[in-house]
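After this come two complexes, each holding chain A, first together with chain B and then together with chain C.
Up next, the complex of A and B:
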């Protein structure tokens, strides 16, 4: 018998697991695959919490008060992230534009760019999904008074990749910089840049490098006389992977168990209480009994919600969903109503009937993207709602 | 037929080829389920270190579309897939990537394409037959180990067969036997039509008349390289009141599959299923202590056409999975003595692929004094015989480098004294790559039950 079984191993599920383990509970997380953290950017948004609390039924109406606590708790769990509550930072997108961000992986803080006379954009040869000319043009647009220069970098270790014309993923580059040759190359490069410095307000933009992945790289950069700004990348991203590894590592170090593979098929319910989760392992179904459950299956993207031409379905418990009357809106990048689809909950995150408001399952807590009435893209609050609801659920298990 | 129908038809054909279970509703969409996120390739142990391997996304779902149109990749592309199944475990959309790759390899074998040059073909033939090598090696283990220990032998093996001279070939030991007692005639016959008698099967001497029975599938590593661990497994099961039945199995077939010998693998599966069939019919569980054998029994055997195939998947348990089920039922003996030991745990890829979590860690944490922490540092790189091959030896070490580094750091900081892992191949490779001792977790349980002292724990 587990104290808590978390269904879904994304950011909300991991957060719930970590907090509950820390409270001395025994927790099992069951996840279909590695979750979307590994291909997200590693940057987390909380959005304008007070403003979003004004929106009818937005999860922040329930969670808003706890958001700041969840923010600091996350920073404790993941010291390689930085952020100050109430102050928004910024990071570079893979195309070189700036985006606002509340929690940033170390190294991604783009603020040094604002007072740089000269920006040197490192162009690691063969880096996948990196378009130096586009990035340069975007940087120039945003930092009109700075000179932008490209610094091409050829790495001997990747000659084979080049020869077969295979692009080098950001994750592979990040691993290279952690290696002995990588660190040596990095030291030489920084040395060269230092010698060529023309003014003392220069900044290096360095895609494919991730200090958060490696303490030795962090030491090298700490000694560099010029700031180094990293970039987010298209999926799969090293920064997202590092965040995933850290949270997973923390959960396991606290004694939690993670079962990645087939996910929970269904949960058996007896008189309003969820009892046993059925997992389709190889060859047979196996079951795990738990006192309480967290539903963190990630909405449409995580296949926690599936839509067909006839129905919209919550895939584990078959919970009734709030489904907006109109699904889409003509402006592609505008607010899309389908995003509001999800489970309605009471103040303890327990699922409720969207019509009667009655609590449906006493010992199930719904978190993250499974919650109804919010749009992470318009509200810029994906990380905030997920972390806060996960944090709360971890306290309830 | 409009375009949409054509496309769907293509998908259905693909799914038929893959033996997907149509009962799971959306399974016919497996190919469509791939959202091209690239998580599989990012996690692939080989793709990260070897640029010439395009990675699971490219050779799996991407190339599958082309294959449906009759366009095949160059055969060599697939040779570097180690069949570790990390891609399938990773995939957030449950796409059966390894299945697709294996299917193509099977077709290559059937069509006679994709044959490696003769020397390597012979090598793969040999490495696929761990069982026959084992039988030879265990005839006179000191001789086999001495000869294999000579540099000249290893250099010859590398020159002639492409088996790396530096690879950690496991030493041969006494052949695994549970007991030398000949089974009683009456008893073997009780398991139907006397078949088991003719194949021969050995039962353990304790608990001969126990109502609780299990069949133990030891696998080649236990049978030919590490019989002591096999004995420990049997003693632990007996301590819990089980009669342990060990029919004379052949190799499970995984090394054959990995070396492209699919027909032979199927023949082995049919032979083994024949031996298990009478026990399966009586509902007797089959226990595997090797995670690759266990995975084959659970995943591959149900697809073989043979009696017992219907039952084998549901009745096979990893040893610790089985012990955990006993624990949950309140049937696991907990007369544990304290065992003061700090261990790191390495989860073998084929345990992860079984989708049962890490039951050995759960069990070991029940024992007073045991400290165990999962390493979570990826694949060891050996992948059965992959790391023994001359052209892949270095690559295998590179794949395992993160793991070895973490092990070395942990041992240096005295965070743990040894690495526990169920897979014999992982044990050999971890010791080779990191220099740290490695053992099967069953030894901790063996010692906790007071069955003996394990030298690896001290």
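Up next, the complex of A and C:
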């Protein structure tokens, strides 16, 4: 018998697992996939918590108070991330525009750019989905008085990729910098830049490099006389993958167990209590009993919720969902009603009937994208809601 | 009403102005150009901006009309054979089946066989067992199956190939130019005037004759010359599925009705359609009700249809020419279908004494060439030109050389090479040369439709491309399963390089996303909904783009 069984190992599920494990509980995480982190950039947004708490039924109405605690807790778990509560930072998007960021991997902090007279944009040859001309033009638009220069970087190791016209993914470049040749190349490059430095307010913008992935790289950069600013990348991203690996590693180090690659088919319920999760693995059904469960199956993207032309369904418990009366709006990037679909919960994140408000299951906690009444892309709070709800659930298991 | 020619900042002079760059208009442009008559075509959007890119893509065999409309049936089978000869690159001769289902009228089959025979449409019955083996998704309770020479046609390509062929013979066209008025000089038309929508500049064309080929817009355009036309706008909704559900066109064997045709195109299938009167050709947004109705009806031919992955819904507006006598007695749902689909040529001199002004409305995509021939005969007759029509014999494109095909196969994966040759024909030469010089440009920018960087670069640089959507139509970028989640981003730097022409980061990108979104909204469920979460995460989250109130059109 487990103390807690977490269904879904994305950011929300992992946070719940880590916190519960740290509190001395025995936790198992069962997850079909590795969640959305590897597609995301590693940046986590909390959004304007106080403002969002004013929105009727937004998850922050329940979670808002805990958000700051969750923020600090995350920084303890992931020291390679940076952030100061209440002070939003800045990171470069793959297009070279600045965007707000509350928690960001070390190295991504773009604030040195504001003081730079000269910005040197490193152009690693063949880097996939990176467009130097676009980035340069956008940098110039934002830093009008800085000079922006391109520094092309030819890497011997990738000559074969180039010859056949194969682009080099961010994740491959990130690994390269951690290798011995990579570190050597990096040292030489920094040395060259230092010699050629014209003023002491130069900054290097370096796509495809991720210090958070490798302590040795961090050491090299620490000795560089000029700041190096990394960029987020188009999916899949090395920084997102690193964050996932960190969180997973932390959970395991605390003694948590993970079963990845299989999904929970259903959970058996007896008199308002969830009892046994049935998992299909390699054609066999295995069951796990637990005292409490966390539902962290990631909404539509994680397939915790699926919609057909006629109905919308929660896939594990068959919980009733809040489904908005209108489904979509004409502006793609504006608020979309469908995104507000999810499970309504009480103060302890337990699922409620959206009509009567009655608690449906006593020992199930719903977190992350499974929650109703929010659109992460409009509220800029995807990471915040997921981390905070996961943190809270971890305290309840 | 304009009298004489107004002063415009840009002036053109030709024998004939054609208004409307759909299949009908470009067909006329090509026909006149081949006869040596100087012609200029004016289109308000990109070519095929209207119904000619919002249709089913079925090159009719005529069998659909065999009972109700024998004239259309005969025209279709004749044109079907001609187009297979002159435009093989734009067609896939999939063949088509007519299948009878339980509950469909039984005496219809006999009348239909009779009609096909009279129209000279070859029909062959396929044993049910054999049919089910060849099309495993087809409903198991089919009663009878007949094969006819239906085919799939790429409307966009056919329109562009006509335009390019016309250009080789001296024809000209202006896109993103809207005609605001047909000018008169007493009893005669004197040309047209309008606005270049890209620059806002006015333009004027002087001409001896004006041909109005504006489809569902034809009554509005005619009215500017003081002429009247009765055009019925009839909206039809279509659904695109992400894979080839059937290998051939599947028609339901009954009186034509809603949701009874599936047409396979490349890797996808288009299913439809519906029929509903609308007030304006701009009303082409499918409603949830129409989509649901199609899925309900489609279940008969394709059990489990609602569970198949949809990638978008769209609608087109049929321009049906209404003659009053044909309308008496027609009423209620589906009345649009009762109006004859055979086309009409309206000589406004006969109708209301305006000389040199012809409107061409109605018809079908399948019969565009025939409509163009008749319209051009009329024009030539009035001008006293005697060169005969050559469009039934002259191929649209010169045949592809074996060398070109070999070169494509050497540089690109087989499927990507074939697709590119289909899209570009002879123009693939330049793209292949670019890839040979810089293999990086052979990278697939769009993995769903297998479009290379070099090909998109070429489309972007084309003087006819003004928006990301034009590039999309030329290359099929963003038309596949991902609906542009990845390739939209990847096309950005290429557009950027063109400098002034595009503004990819601001309006242009958001406008493109909103256009795609329009087609997804009516089918927002299943995998497409999941893809939507992902695409929004990328563009609104990761890239932090914000829509500051741009419109879709």
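One rule holds in what follows: the second predicted complex is superposed on the first by the 397 of 397 C-alpha atoms of A that agree within 3 Å, B and C clash if a C-alpha of one lies under 4 Å from a C-alpha of the other, contacts with A are read in each partner's own complex, and residues count from 1 in each chain.
Everything below uses one rule, namely that contacts are C-beta pairs under 8 Å (C-beta built on N, C-alpha and C of every residue); 3 or more make two chains touch, one makes a residue touch a chain.
Fair warning: this is a prediction, and the values are worked out from it, not measured in the lab.
Peer 1: A:262 contacts which: chain B (first), chain C (second), both, neither?
Peer 2: first
Peer 1: Kindly classify A:201 by the partners it touches after superposition: chain B alone (first), chain C alone (second), both, or neither?
Peer 2: Neither: A:201 stays clear of chain B and chain C.
Peer 1: Which partner does A:32 contact after superposing on A: first (chain B), second (chain C), both, neither?
Peer 2: So A:32 only meets chain B here.
Peer 1: I'd like to know which partner A:88 touches here: chain B for first, chain C for second, both or neither.
Peer 2: neither
Peer 1: Quick one: is A:376 in contact with chain B, with chain C, with both, or with neither? Answer first, second, both or neither.
Peer 2: Second partner only.
Peer 1: In the superposed arrangement, which partner chain does A:328 touch: chain B (first), chain C (second), both, or neither?
Peer 2: second
Peer 1: Answer with first, second, both or neither: which of chain B and chain C does A:284 touch in the superposed model?
Peer 2: A:284 contacts chain B only, not chain C.
Peer 1: I'd like to know which partner A:307 touches here: chain B for first, chain C for second, both or neither.
Peer 2: second
Peer 1: Report for A:111: first if it touches chain B alone, second if chain C alone, otherwise both or neither.
Peer 2: neither
Peer 1: In the superposed view, which residues of chain A touch chain B and also chain C?
Peer 2: Shared contact residues on chain A: 36, 39, 164, 166, 235, 303, 306.
Peer 1: Once bound in the complex, which stretches of chain A touch chain C?
Peer 2: Touching chain C: residues 36, 39-41, 45, 93-95, 97, 99-100, 126, 129, 131, 133-134, 137-138, 162-167, 232, 234-235, 299-301, 303, 306-310, 327-328, 330-334, 336, 338-339, 376-378, 380, 382 of chain A.
Peer 1: Per the contact definition, I'd like the list of chain C residues that touch chain A in the complex.
Peer 2: Chain C residues touching chain A: 291-292, 295, 306-307, 435, 438-443, 489-490, 492-493, 496-497, 505, 510, 513-514, 516-518, 521, 523-526, 529-530, 532-547, 549, 552.
Peer 1: Given the complex with chain B, which residues does chain A contribute to the contact?
Peer 2: 1, 28, 32-36, 38-39, 158, 160-161, 164, 166, 169, 171-172, 175, 235-236, 241, 248-249, 252-253, 255, 257-263, 279-284, 286, 289, 302-303, 306
Peer 1: For chain B, which residues are in contact with chain A within the complex?
Peer 2: 26, 37-39, 41-43, 48, 51-52, 54, 88-94, 295, 297-299, 302, 312-316, 321, 328, 352-358, 361-362, 365, 373-374, 376
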